[in-house]
Structure formats: structure tokens, C-alpha cells
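The structure's right below; bear with me while I get my questions together.
Letters A, B, C and D mark the chains in the order given here, with residues in each chain numbered from 1 onward.
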Amino acid sequence: MIVNMNPEATEEQIQHVIDRIKECGFQAHVIRGAERTVIGAVGNSGRRGELEGLQVAPGVAALVPISQPFKLVGRELRSERTVVDVGGVKIGGPNWVVIAGPCSVESRAQLMEAARGVQAAGAHLLRGGAYKPRTSPYDFQGLGIEALEFLREAREETGLPIVTEVMGTEDVTLVSEYADMLQVGARNMQNFPLLRRLAKTDRPVLLKRGPSATVKEWLLAAEYLLSGGNANVVLCERGIKTFESELRNTLDLAAIALAKELSHLPVLADPSHGTGRRSVIPAMSRAAIAAGADGLMIEVHPCPERALSDGAQSLDVTAFARLMQDMERPMATRAGVLV
Amino acid sequence: MIVNMNPEATEEQIQHVIDRIKECGFQAHVIRGAERTVIGAVGNSGRRGELEGLQVAPGVAALVPISQPFKLVGRELRSERTVVDVGGVKIGGPNWVVIAGPCSVESRAQLMEAARGVQAAGAHLLRGGAYKPRTSPYDFQGLGIEALEFLREAREETGLPIVTEVMGTEDVTLVSEYADMLQVGARNMQNFPLLRRLAKTDRPVLLKRGPSATVKEWLLAAEYLLSGGNANVVLCERGIKTFESELRNTLDLAAIALAKELSHLPVLADPSHGTGRRSVIPAMSRAAIAAGADGLMIEVHPCPERALSDGAQSLDVTAFARLMQDMERPMATRAGVLV
Amino acid sequence: MIVNMNPEATEEQIQHVIDRIKECGFQAHVIRGAERTVIGAVGNSGRRGELEGLQVAPGVAALVPISQPFKLVGRELRSERTVVDVGGVKIGGPNWVVIAGPCSVESRAQLMEAARGVQAAGAHLLRGGAYKPRTSPYDFQGLGIEALEFLREAREETGLPIVTEVMGTEDVTLVSEYADMLQVGARNMQNFPLLRRLAKTDRPVLLKRGPSATVKEWLLAAEYLLSGGNANVVLCERGIKTFESELRNTLDLAAIALAKELSHLPVLADPSHGTGRRSVIPAMSRAAIAAGADGLMIEVHPCPERALSDGAQSLDVTAFARLMQDMERPMATRAGVLV
Amino acid sequence: MIVNMNPEATEEQIQHVIDRIKECGFQAHVIRGAERTVIGAVGNSGRRGELEGLQVAPGVAALVPISQPFKLVGRELRSERTVVDVGGVKIGGPNWVVIAGPCSVESRAQLMEAARGVQAAGAHLLRGGAYKPRTSPYDFQGLGIEALEFLREAREETGLPIVTEVMGTEDVTLVSEYADMLQVGARNMQNFPLLRRLAKTDRPVLLKRGPSATVKEWLLAAEYLLSGGNANVVLCERGIKTFESELRNTLDLAAIALAKELSHLPVLADPSHGTGRRSVIPAMSRAAIAAGADGLMIEVHPCPERALSDGAQSLDVTAFARLMQDMERPMATRAGVLV
């Protein structure tokens, strides 16, 4: 931590900061500049949290953090990349993976048709919401346990492991009986009781980035899981909120490249929520993989027009199969035609 | 709902939309324009949610919602303003109120000193965090039940009703034994299981706006509470995330004016979180009241420099007392000096 | 400038940074911490711009600027507040001022009616666009020199000094013949040739904040004017672009408080563009003054419904007169009714 | 245009809207719903701009635009894609192109070394700034005409056509003598006098997206060029401003896919400005092409550490050559390793 003093800070104020740094268990290192003084707090056994209050000590202009705030998710302590095994499918290894299926499980027939379709097209895992976080209380809220039963049946028939969202601590035990991977939705990224509870489960966790979370905040949310005991964490970028109103969110692919640079955890992309617009999903799927994503999460519905949620961003089974074929196509060479 | 067709939409596609509107229980009303056709779905007994899928029907350019998505929080069904009684203090009435106290309860002594100070300065309610949502798992997470005991004691001594945050459904019963008002933190604004649980309690709820929530999403979160049975809801604007990095958040005072135009619920402002900078809190407190806020939530710590959380945005007791006096001062007249 | 080295930086890399700091004319001051080394560049006669490249020197994690980037607009070199005289009206003094008038000058009759109306209601300066920046080339682009003639006539009749926008360097001479104050529109805030040209004029400049400009970028744009020779600069906050779509922009009143803390220049607020919604303009006008604004800029049109631009955010003359009276009313006392 | 009336609108108010629609040259088509009335303005020969004022007519809740606001840049009037020829290099055709070179031209030696390097690596066009828009007046502002002379010399030696920025109308004639393509910088995207002037030149224009411009605003800026007579326009996405602070901007690749869906113009990506971070430029270059970009604009400096501007985001010649080779590599197959 660097403490940046005001140009007009007095000797007494400078000394106070030095004293306080020592009180918190650090050494103080002073640089007297032409215009102002800065003071470094040096050491790794001090009480860092207590230093933050110095921001309002007299004569202090600003505090400048020097170390990264996360530890276990970072690459300094762990150089090899994490590979998460979800029911036999490896996420973060040499091959990218695709999680596909409907936004919500709406009926047995709907789910089975989607499951068969995405399996035939080459998806590796099946998604489907049983408990749905919905902006309005008047929207369809999910079938709950009935949906979980359908998901189990779909896994039995197709062999695809199941990814589904868990919305609160009270559902973790139940959903874990059915799901191979537990999803934390974007609006729950900083639901800390839920993260603490999931840290104690043996199920892998898919942690979506919050719509207003910085990459650092996202990694710190993952740090709750790792520091609590669950190392099987996969990150998923799903778009952030910006002023652009033509698309539902702004899919931040550079955040994927950055998260992979800062962390050893695998990172997926969700171009369905990330754009909200069916027509651009194929382009963004290809782009996400090119940006370094370890895989994709894509919404597929047998009949998007009749979906009870997120129809506008769902592919039908045929479009999804075309996308999967398209992904295998060699990318642009300099003479190649693109998209 | 208005369905806006593409200019090149065929008769068959138009007819399909008409049929689907009728299937969902609405009447279809067609306007054939010079360039394109638009189709209105008319009626109030149809299944609105199912209409949304039309966004991906062939030939459809876009859907345009016409009605507001919220009902009980809106002013169409209730013209008088809601006044929420919190332990005898009325929020939303003719007088504005101030909730003050430390970000976190750190010790008995710290809380009591803060409580006595804010009471003497004229605060109406006491805040203090027992369970703290923190970005990093390595930061101070709150004293939990011990803090709740201290809060009870502070109420007994000062008479100030208590406002404290509840982070998950599992804590609602316990925290309700101690608190007069339950706060939903900004990052939990769309924690729907928590909202559903709080809808069933008899305690008033303070619902903070999420850092990336639109005013409509905020009102829809409140709609979860009202439609679930709890009408004692107070909204609180606490800043949104924007590109401006000099301040912690962007305090959106126009959102207060807008929320009061669209809803009958009281609205507070939290200039402490909303700016993160002690020096601008007095100006923004006055501005929030001028914008129509029903009151303020302000962080006060006996010694901000030693606070375990949010010291940079906390006032000390003296500065808070000065702010309270300042608020009583007549505002700018045309010849008056400001700030 | 502080250079933060990677934890694994080598001695050679550290030495390279030290050498480079010296080459640029600064002294290097090294702090060796438990985890990493940081190096301060100290001095005020070095070539600061050249230091920035160190960000990509081997072993460097990040550069941390320590000094504020602006000089003449800041308060370190000038402690008293600037007061700008515009045709006899003082902006930044003890009294706040109101600039009012139509978005665009549409006709002689429309302007004269607006001018008489705002004068009668107590406005201090008259605004009116002769050259209009419009998002679409098919929208009304302003009457140009004809509008300038009408503005001159309005000044002659009402005595109100004129504020009008200048869109490019080629118009500065002409517009200066008519206007008492030259406005730089939000989208031109970083039109540097225009700023350099206006630095050479003797007219006061009203510099609107860009919709994606930080407060620091805004102050640096003003620094172009001051460092080029024009000290008569008034800042104007007019809303920034955020995800909130219900209002046209997010009026950032804390930016006004912050700008006044960092700079000695006067700061106005434009609640018309800042919200785009007529119903919230009175509340935001009062809030802006309470936040410390030195005045307001408000769009007033004799018949907003027939305005050729920005009708939705324009007040009619009656509503403006009511707002002006309302501004004189004493603000909230603790027992007072607000709004 | 659809006019959405308030639920409590009176018959008189409805009739007023109908009358006004007719006055503006449209037909009015009324839909009376269960809760409210909506009125369509139908026709393509009316004065659309005048309709906008209806937003503030009594009883009106909101106006809903139905048609896209742009014409010539859209695909409705022109189905084939535009290919822009810049000194013999075709942008928008089957092959993607790369514009590379230094942010600023700093010296003859620096430019020539960069030019030879990027040519050898396979770049198609050479960039280099002669006039630089800089946030601070104290930063390097470019060499001006001297830089233009060096650029001409570099073209003569390497054969690469030149792309350089023009900052104001007064420079258009001069810069056009040297450059093959004129760049409009992001902060000038809505500098309308400049756009109008460039519409009259015979040089192709590279139009960067503004940091807070929606895709529609970007296309409307291009519409200024096309409607003014210059059809040789190439768009360039270079990142938007968001709350994410770890990267300089948020590169919005979905905007590229969307712009290509809405418009026939070619679209490039600038991952250098779009991220500001050298380490993620290769990943984002590949991702941009995968998203459908027609090419890239990349900053290359012989010695980024000593660059006078944007060193942190510049590749050196070796890294650029590696990127170019990397781009030719087949993309991920399902069994392929990525990044």
C-alpha cells in the first residue's frame, strides 16, 4: 500500500501516518518528492484491512493498493491451469465445451426435445432452469423440483451432465442431488451466504459475472469459493450493463482474456444472455472461442417463439446444429471469407 | 404490446402474429403503414408473458411494451403516498428523516459512542451492520449476533429504532428479533428468495437500488415485496456504477425524482455509498432532499480513520452534527451564498 | 509517478527502470517490500510524458500517477474562486444565475416570445441555438446567421446577454460578433482545435461536460482554454451516459461538488439535457443548486409541443416562471414539506 | 411513430394528438385498448421531426419510433456490401486487412522502422498520427506537416497506403494531399462540421465509434458522410467507456456483428485502443475477425517503452509479426488448443 500525501501535508501528519502504518504491523518507507511525500507500507504480516482507514487521515490525498486483492484464484500461487471435471466432461482442458439447453424447463416434452437436439448436435452438457430469477414477480418462475426430475431423466437418456441454477442456500442440498454442476446466476454473483454455502459442497460451481462487476470483483467472488474449500470453479462471462440499448448486454470478451491472464480458472462465454439477440449469437460464439474462452453456454429451445422466458435469445435446434458445425470450420485465413 | 413487423414481412407472417396474439388471449389490431405494418395486442385478460416469444417470430422486427410492468408499487392503483412507520418514526410523511450510524458494528464501545452521537445530533434511526457483504473474503465480515445484541442495547439507551441488513433467508427470523427495519443491500436487490421471504415478515424493508439496476428493475424488486404481502417498503438510492472513477459510485438523484413520480413508496438517499467521498457528502445530502428524497442514510463512525469498513466515506460525529445543522439552514435564496 | 514492479521482477529489470527514470530527468527512489519492489520517480523538472512508456518495460506491473494532471484549473495554484463576467452578469459569485431560452432559435417570433418570457421570470442570460449539433443529418440543423441576428435583437430588447453554441473553428469569429458567451457542446468537449481557437478569443466560454468524460478529462479540456490564454471559463454538467434508459442522461450532481473541490472555476448544471424529462426538471434544478452549482441552464420554449428540437425536455414559459419562484422558496426545514 | 397515451387520457387529448398527426402530414390510426389508447402515425411523406414534440402533449405517455432513423447506410436500400478501395487495398471484400503503425509519428527514423516492420509482417496499410488529440494540453500533440512528409516517404518506400487522422475542417485539404484515407477519431465522431466537410472530399473516411455512442448514433454519423456525398466510409469499433477499470475501454465486438447486420459498410476493430493492454491484443484481434470484422487497426512502435503516446498498448515489430502469423493459423477445432 502506498499512501499519497497532499502537497501541503505537515510533518506532524506525515508522522501520524508513519505511526499508524507501524501500529498495523507494517514498516513505513518514506519518499519525499519535489511536490509531495509518499509513504509505502511494507511487509506481509500486517493487518491490511485496518490500513484502509488512513484514506481519511489528515493530510492524506489517496491510498494506492499495490498487491492484487485475490490470492487462491490468482496465478502467482498456482501456475498450472485448473481443469474442472463435470460428470466426466473436462472444462478448461485442451478442448472447448458447449453447455446447451433451454433457459427454463417448461415441460417434460420441451426438455426432452431440447436435450436430444443438443446432444445430437454435439453439446457436452445440458442446461435448463428449474428455479428462475425473474425481474418481475408476474413472470414464470420455474417448475422447481418437477423440473429437476425432468433434468435427471434427460441425463439418463442422453448421458449429458446437468448444469442448473441454484438461487439460495436453502436449495443447495436438493439441487445437488440432481445436478452435476451448480450455477450461480449473474445477479447472485455477490450473494455471499450462497457462495459460502457452495464452498462447502462437492459439486463444481459455474460462477456468472455480475452485470456491473469488474473482473477483480468477479475473481474475488470466486475467491470466496476457493478459500471456503471448493476449488472446482468455472467462470462465465455473460455481458455487462452499458449504455448500448440495442443489445441486451455488452458481451465483454476482453474480460475473458484478462480473467485467463490473472487467474488459472477456466472461463466460459454466454453469448445468449450476453447479447440477447439471436442473429449475432453465431458470430459471438466464434469470437468468444477465438478470445480464449474454454467453452460456451448457449440457450436452445425447440420453439423459441413459444418459450416462457428468453425466447428472443434462444436458438432452435436446427440453428444450434448449424452453429456447432460452423464452429468446426477452419477460421479465417488471410484469403478466407468471414462470417 | 405493439408488434412492429419488418418492412418486407409477408401476409402469412402478419397473419401468424395475429393468430398467436389471439391464442394468448388478446385481440389483434392491425395498422398498415406506408413502410410497414404494426399490430397491437389489446386486452387485459391475456397471458402477457407468452407474447414475448413473438420477438423471434418470422417477419417481426421488435416488440414494444406499452404498459408499465409493475402494478402495486405504481401510482395508477394507489394515488396517496405510502408512509412507513418504523418504531414510531414515519418515513414518507411531511418530515424527512435521517438514518445514521456506523457501516459495521465493530465493538460495544464503538457502537454506543456512535449511537449517542447521532442521537444528540438529531438522527431519527440508528444503522449498524451485523452481517456485512464484503467484496473480498479476507475483509471483516461483521460480528453477527453479538452486533445485534449491541444494537438492541443502543436502542434501549437512545430510543432510536434500529435498521440493519439481512443478507440471506436464513437470517430473517433472527435479525427480525432485534431490528425495527430490515435492509436489503444493493447487491441483493434481485435476490428473489430473500425478497419472497421478506414479503412474509411484518418488519418494514429498506430496499437499496442495485448498482446496475434501472429504476424499473428497482420498482419490480419492490413489487416482489408488495405482491407477496409486505406493503411497508422504503426505497433507497445509493449510487450506480458508471465510468467515472474518481467517486465510488454515481449518486443518481434524478432516479429519486423519477421513482417518486412512478411510485407511491418513500425514497431515501445514501450519499455515503453513493459517493464514497467524505468531502462531498454534505452537498449531496442537501441535494438529495432538494430532489425530493424522504430522508437520508449516512455513515457515521466515532473514528473513521480506524473503521474496519468504509472509513473513507464515514463522517465523524462532529461532522455529522454540523451536517444536521446545515440541513436546517434555509436554502439558497437568489442572493444567498451556497455551500 | 510510482512504478510498481512485478513480484518476480529481476534486479536487472529494476535497474533498467531506475536508469530510465534518471534519463527522463527524475530521481529514482526504491522501496523494497516483502513481495515486490516499487520505485518512485521524484522531481518536478523531468519529462513526465516520456515516463509513461515504462508501463511496458520488462518486470513492470503498473504505473501509478501521484500528481493531478491539471495545473491552471486546479486550486493548488489559485485559491480564490473564479468569477466570470458575461455582459455584466457575474457567474461564480455569491448569487446563482439562470441561463434560459429555447434549444434552437426557430423563428423571430418564437425567440422573442421566449426571451420576453424568461426575462420576466427572472432569468439572467438568454440561450438559443443558431448552429445545432444533431444526431441525424435529417433533423433541423439551425438557422445559422439568421438566428444570430434574432439573438442580437432579443438582447437589445431584453438586455439579457446571449449564450450560444459554436460548433467549429470556422464559426468563432462570426459567432463572437453576436454572442456574449460561447458554448462548447458536450460532444465537442474534446474537440481540441476548437478549444485551442477559443483560447485565443476574448469571449467567455461555457464548457459542457462530455457524456462519457470523467471529471478529470473535463478539467483537462478546460486546461486547454486556460493554458492557451482564456481564463473566463464556466463548466456545465449536463448528464452522462449510463445504462439507465428511462431518462435521457444521468445528471451527475456529485461531479459538480467534486469539480468545485478540485477547481476554482464556476460550475453550472443543465437539468434539461441532464434528464430529458420535463417533469423532473424542477426537482433537479433545486438539487443542483443545493449541490453547489453556481447556476442553471434551462431550455424554455413558448410551445414545447411544437419545438423543432428537444421539446420533451423544454419547459413552457409558465412552468419556467413557476420554477423560478420555487427556487426562491426556503428549502426544507426539518418540519418542512418537500416537493 | 406510435403515440402511447396515458390510461387517463381524455377524448379531447386523444383528438388533439390525431389532429396534430394530420397537421404534420401523416394519417392517424387509433387503437383503443383495455387500459389505454395508442395512435399510429402512418405515411412516408410527413414531417417526422415535428412529430417529436407530441411527447409533451397533454395525455401522452411516450412516443415509440418504429422506423430506423438512418437510410443510406442501411441495408434496406442497398443489399450488396460496400467495398472501399484505399490506394488499391480493398476493405470490405473477401479478405480482411490490417492497418498498422505507430500511434504518433515521432521522427523520420521511428516511422521508417515501423513502416518497414509492419510491411514485412504483412500489414496492408500504414497508420501514423501527425495531429494528435490528447486529453492533456501538456502531452505531445504531434509533428504536424513534418509527420505528413515522413508518411509520404514511408509510402514511397513501402508501397503501403497511408491512413492518418484529421482533427478539424481546416486540416482536410492539407492532409488529403498526403493521406490515402482520412481518419475521424472517436472523440470527433459527432463533430458535424468535420463530417460535413469530409462528405465533400474524394478521400475514403475511417469513422471511429465514439466512446459513448450507441451503434445507431454511429451509423447516423456515417449517414452524414453518405448523405453529403461520400460513400467511401469504413467504420471502426475501438471500445466504449464502461465501469470496468482494468482495461482502458470495453471492446464491443457484438457491435461489429450488429453494425454489419444493420449496414452495408465495412467495419474494422481497433484492439489497441479497445483494450489499452498489450497482452490481450492478440486474443482480441482473433476474436474481432471471428466476430466478422473486415480487418484490424493495430498500433506498432519500434520501441513501445519510449513511445511518446500509447506505449502501453503498442506492440513492437516482433510481437506484431507473431500476431500476423498467428492470425493465419487455423482456428480452434473442437480438439484444438486455444491461445
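Rule of thumb we're sticking to: contacts are C-beta pairs under 8 Å (C-beta built on N, C-alpha and C of every residue); 3 or more make two chains touch, one makes a residue touch a chain.
For clarity, every value in this text was computed on a predicted model and none was experimentally measured.
Contact with both chain C and chain D is made by A, B.
The chain with its Cα centroid farthest from the Cα centroid of chain A is C.
Separating the centre of chain A from that of chain D, both taken as means of CA atoms, is a distance of 30 Å. Chain B and chain D have Cα centroids separated by 37 Å.
Residues of chain A found to touch two or more other chains are 212, 240-243, 245. Of all residues in chain B, only 2, 4, 7, 29, 31-36, 38, 40, 42-45, 64, 66-67, 76, 241-243, 245 touch chain D in the complex they form.
Taken in their complex, chain C has these residues touching chain B: 94-96, 122, 212, 214-216, 240, 242-247, 250-258, 260-261, 274-275, 277, 279-280, 283-284, 286-294, 327-328, 330-339. Looking at the complex, you find that chain A touches chain B at residues 20, 48-50, 52-57, 69-71, 133-140, 167-171, 187-188, 190-194, 210-212, 217, 220, 223-224, 227-228, 240-241, 278, 304-308, 311-312, 314.
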